[in-house]
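Shared between the two complexes below is subunit A, which pairs with subunit B and subunit C, respectively.
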Partner chain A sequence: QYVPVKGDHVIGIVTAKTGDVFKLDVGGSEQASVSYLAFEGATKRNRPNVQVGDLIYGQFLVANKDMEPEMVCIDGSGRSNGMGIIGQDGFLFKVSLGLIRKLLAPKCEIIQELSQLYPFELVLGMNGRIWVKAKTIQQTLILVNILEACEYMTAEQRKQALAKLSGN
Partner chain B sequence: MTAFRASPLQPRLGEAGSEIPFCSINPQDAAGDPGGAESWFMQRGLDSQTKKQLEEEEKKIISEEHWYLDLPDLKEKESFIIEERSFMPCEDLLYGRMSFKGFNPEVEKLMIQMNSKYKEEEIEEDNKMEADVSDEEMARRYETLVGTIGKKFLRKRDQRVLQDEDEDGNSNTRPIKKAKKKFLKPQD
Partner chain C sequence: PRSSPSPGETSVLAGLYGPAEVKSSKELADRAVLEVLLRPKVGLPGVLERSREQLLRRTCETVLLGVLHPRSAITLVLQVLSDNGSLLSCCLNAASMALLDAGLPLSSLFCGVTCALDPQGAIVLDPTAPQEQEARAVLTFAIDSVERKVVTVTTRGGCSMEEMQQCLAAAQRAADTIFQFYRDSVRKKYSK
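Our next item is the complex of A and B:
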């Protein structure tokens, strides 16, 4: 179970759009809220194009046990730095929090090995959610399977599996 | 005649906007009051001095009512334990968005930016933005700019001189003599 922490980058799913505020499902005990002004280049007239069911990558502005968590998609200086609505296509799946930490470690072998295979894009949320996008659906699904299985495979098994894939 | 004054703990009448004017039947008494400049019939409420006195008295009474501990101040011990709820600083985690083999070039740029922040501890970014206009062009512009604005402030005669200069191409010989036209005294 994920506990929202201030400053953490997470992937949220938009569940409701009420007036000026979107509700995001973050995998915690409560839904987080994002204001429409918390996106880069958003003004009262220029609203971000967010629909229910969209994926948003943002960081927590407020996250304590007394208040509803709030997220924003810009940093302190107003730049988005890669946060915001995650684009079309791709695949979202859940893994355990420990795996995310392993994957985000500075020298992660899994990620390095995967990056040798084929071009793809990856977004890791600290709430245990990963979004992957590759050129074909098959490649995307392969990546999903490897990442999910990585938790329980040893390094050798992983290398074997990848060798098979790159052979194919 | 004594004037009506409110006692400290009762609701103070005679505050701003009250209907009870501060008056005494004998105007001379009021004139002798400490707030001498104010005329007696315009004064509503109490003088500033008496107000201050009353406030001080009230504060004394209130602070005496407050309870306080006689215990000595406890020294705060410096704790060596800091509570940190996020994992980010603990393990120096990388940025969450990644792209490989050029799938998303913007994200790849971001990766370099964000990850370099952790490793090299705030590289001072080059303040030289990619200039639309190069430095040389700016220097040329300024040279001519100074000339054009300088012309604006020349007097008419000097402007004519400048035009002659442009036409001749020589800036030395004649125009200097022509420029200074002194006043010729009318011959008698």
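Our next item is the complex of A and C:
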């Protein structure tokens, strides 16, 4: 199970909108909270358009065992840096925490090899959640299956699988 | 995460959930709350199940590092699938494997071993139901994995102190086999 850590970037699912704060499910023992002002360009008049069920990519500002975790979608200087509400469509799925760390390692071959296949958007959450979006639904699902299988495949098997797919 | 070990034909299915959110009436400010539910094979849980639940809860709380998850709830549900003796030690083993499989922070593992003293005074390890019936005394030990210390003892029937020491020694030796089984199961799970 995921344990929130300060500074970790995770994908959360909005479960409630109460006044000035959104509650996010991040896969931990407790839900995290995000203030509506913690988005880039948000002011009291200009509120972000967040609905229940949306996906948010943010980082933990406060995360220890004694307090409710808090997330923000801006960095120290107020810029969003890729964080915020994740767009429409695409596919969210769960993998093990170990695989995420492998994918986030500096020279990850898996991501490089996949980008040779087709162009896609990818968001990796340290809580084990991955969001992928490719041009067609079929391509998206193929990417999902490969990423899920990467857990158990060796580099050889993966190269074979990708070769078969790009041959098609 | 679930695990169901079975000495002989006794088998118990364990499901562990958590750490998860807990009602504020039940939460503890500095540690996790562990709840154990034991469901018999037939019928509703009765007083015997309740007392076993408390025993399992206290054993698990001894090894669980609850202070790492304050204001959380951890729920352990045990379902008895079949009972042919040594049920309590089977539950202890299932509970320990469930805690291990879930990746919760533990100070050690534990295992359950049942000893029965038959009327002649011989020690029978992990007795079957008929052997338990005939026995003069049935002792269940929960042994920890780090120094083979005793975590929990519960007995039914009477025995002398020497006999209890002998049963304990036998149980500690048997614990080695059980901990090796834990290792092998985990190894199998992660070596695809």
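In this text, the second predicted complex is superposed on the first by the 168 of 168 C-alpha atoms of A that agree within 3 Å, B and C clash if a C-alpha of one lies under 4 Å from a C-alpha of the other, contacts with A are read in each partner's own complex, and residues count from 1 in each chain.
Everything that follows uses one rule, which is that a residue touches a chain if its C-beta (ideal position, glycine included) is under 8 Å from a C-beta of that chain, and two chains touch if they have at least 3 such contacts.
Bear in mind the structure is a predicted one, so any value in this text is a computation, not a measurement.
Q: Once both complexes are superposed via subunit A, do subunit B and subunit C end up clashing or fitting?
A: fit
Q: Between subunit C and subunit B, which one touches more residues of subunit A when both complexes sit on the common chain A?
A: B
Q: Classify the contacts of A:Lys65 with the two partner chains as first (subunit B alone), second (subunit C alone), both, or neither.
A: In the superposition, A:Lys65 contacts subunit C only.
Q: Is A:Gln1 contacted by the first partner subunit B, the second partner subunit C, both or neither?
A: Second partner only, subunit C.
Q: Quick one: is A:Gly78 in contact with subunit B, with subunit C, with both, or with neither? Answer first, second, both or neither.
A: So A:Gly78 meets neither subunit B nor subunit C here.
Q: Applying the touch criterion given at the start, work out whether A:Gly19 contacts subunit B, subunit C, both or neither, answering first, second, both or neither.
A: A:Gly19: touches no partner chain.
Q: Answer with first, second, both or neither: which of subunit B and subunit C does A:Gly167 touch in the superposed model?
A: neither
Q: Just subunit B (first), just subunit C (second), both, or neither: which does A:Gly53 touch?
A: It touches nothing on subunit B or subunit C.
Q: At the CA centre of subunit A, how far apart in angle are the CA centres of subunit B and subunit C, to the nearest 10 degrees?
A: 110
Q: After superposing the two complexes on chain A, what is the shortest C-alpha distance between subunit B and subunit C, in Å?
A: Taking the overlay as described at the top, subunit B lies 13 Å from subunit C at its nearest C-alpha.
Q: List the residues of subunit A that touch subunit B in one complex and subunit C in the other.
A: Subunit A residues touching both partners: none found.
Q: Which of the residues in subunit A end up touching subunit B in this complex?
A: 3, 5-9, 57, 81-82, 101, 104-106, 108, 111, 114-115, 118-126, 133-135
Q: Could you list, by residue number, the parts of subunit C that touch subunit A in their complex?
A: Within the complex, subunit C touches subunit A at residues 18-21, 68-72, 102-103, 192.
Q: Across the complex, what residues on subunit B touch subunit A?
A: 85-88, 91-104, 106-107, 110, 113-114, 118
Q: Which residues, counting only subunit A, touch subunit C once they are in their complex?
A: Where subunit A meets subunit C, its residues are 1, 29-31, 65-66, 152.
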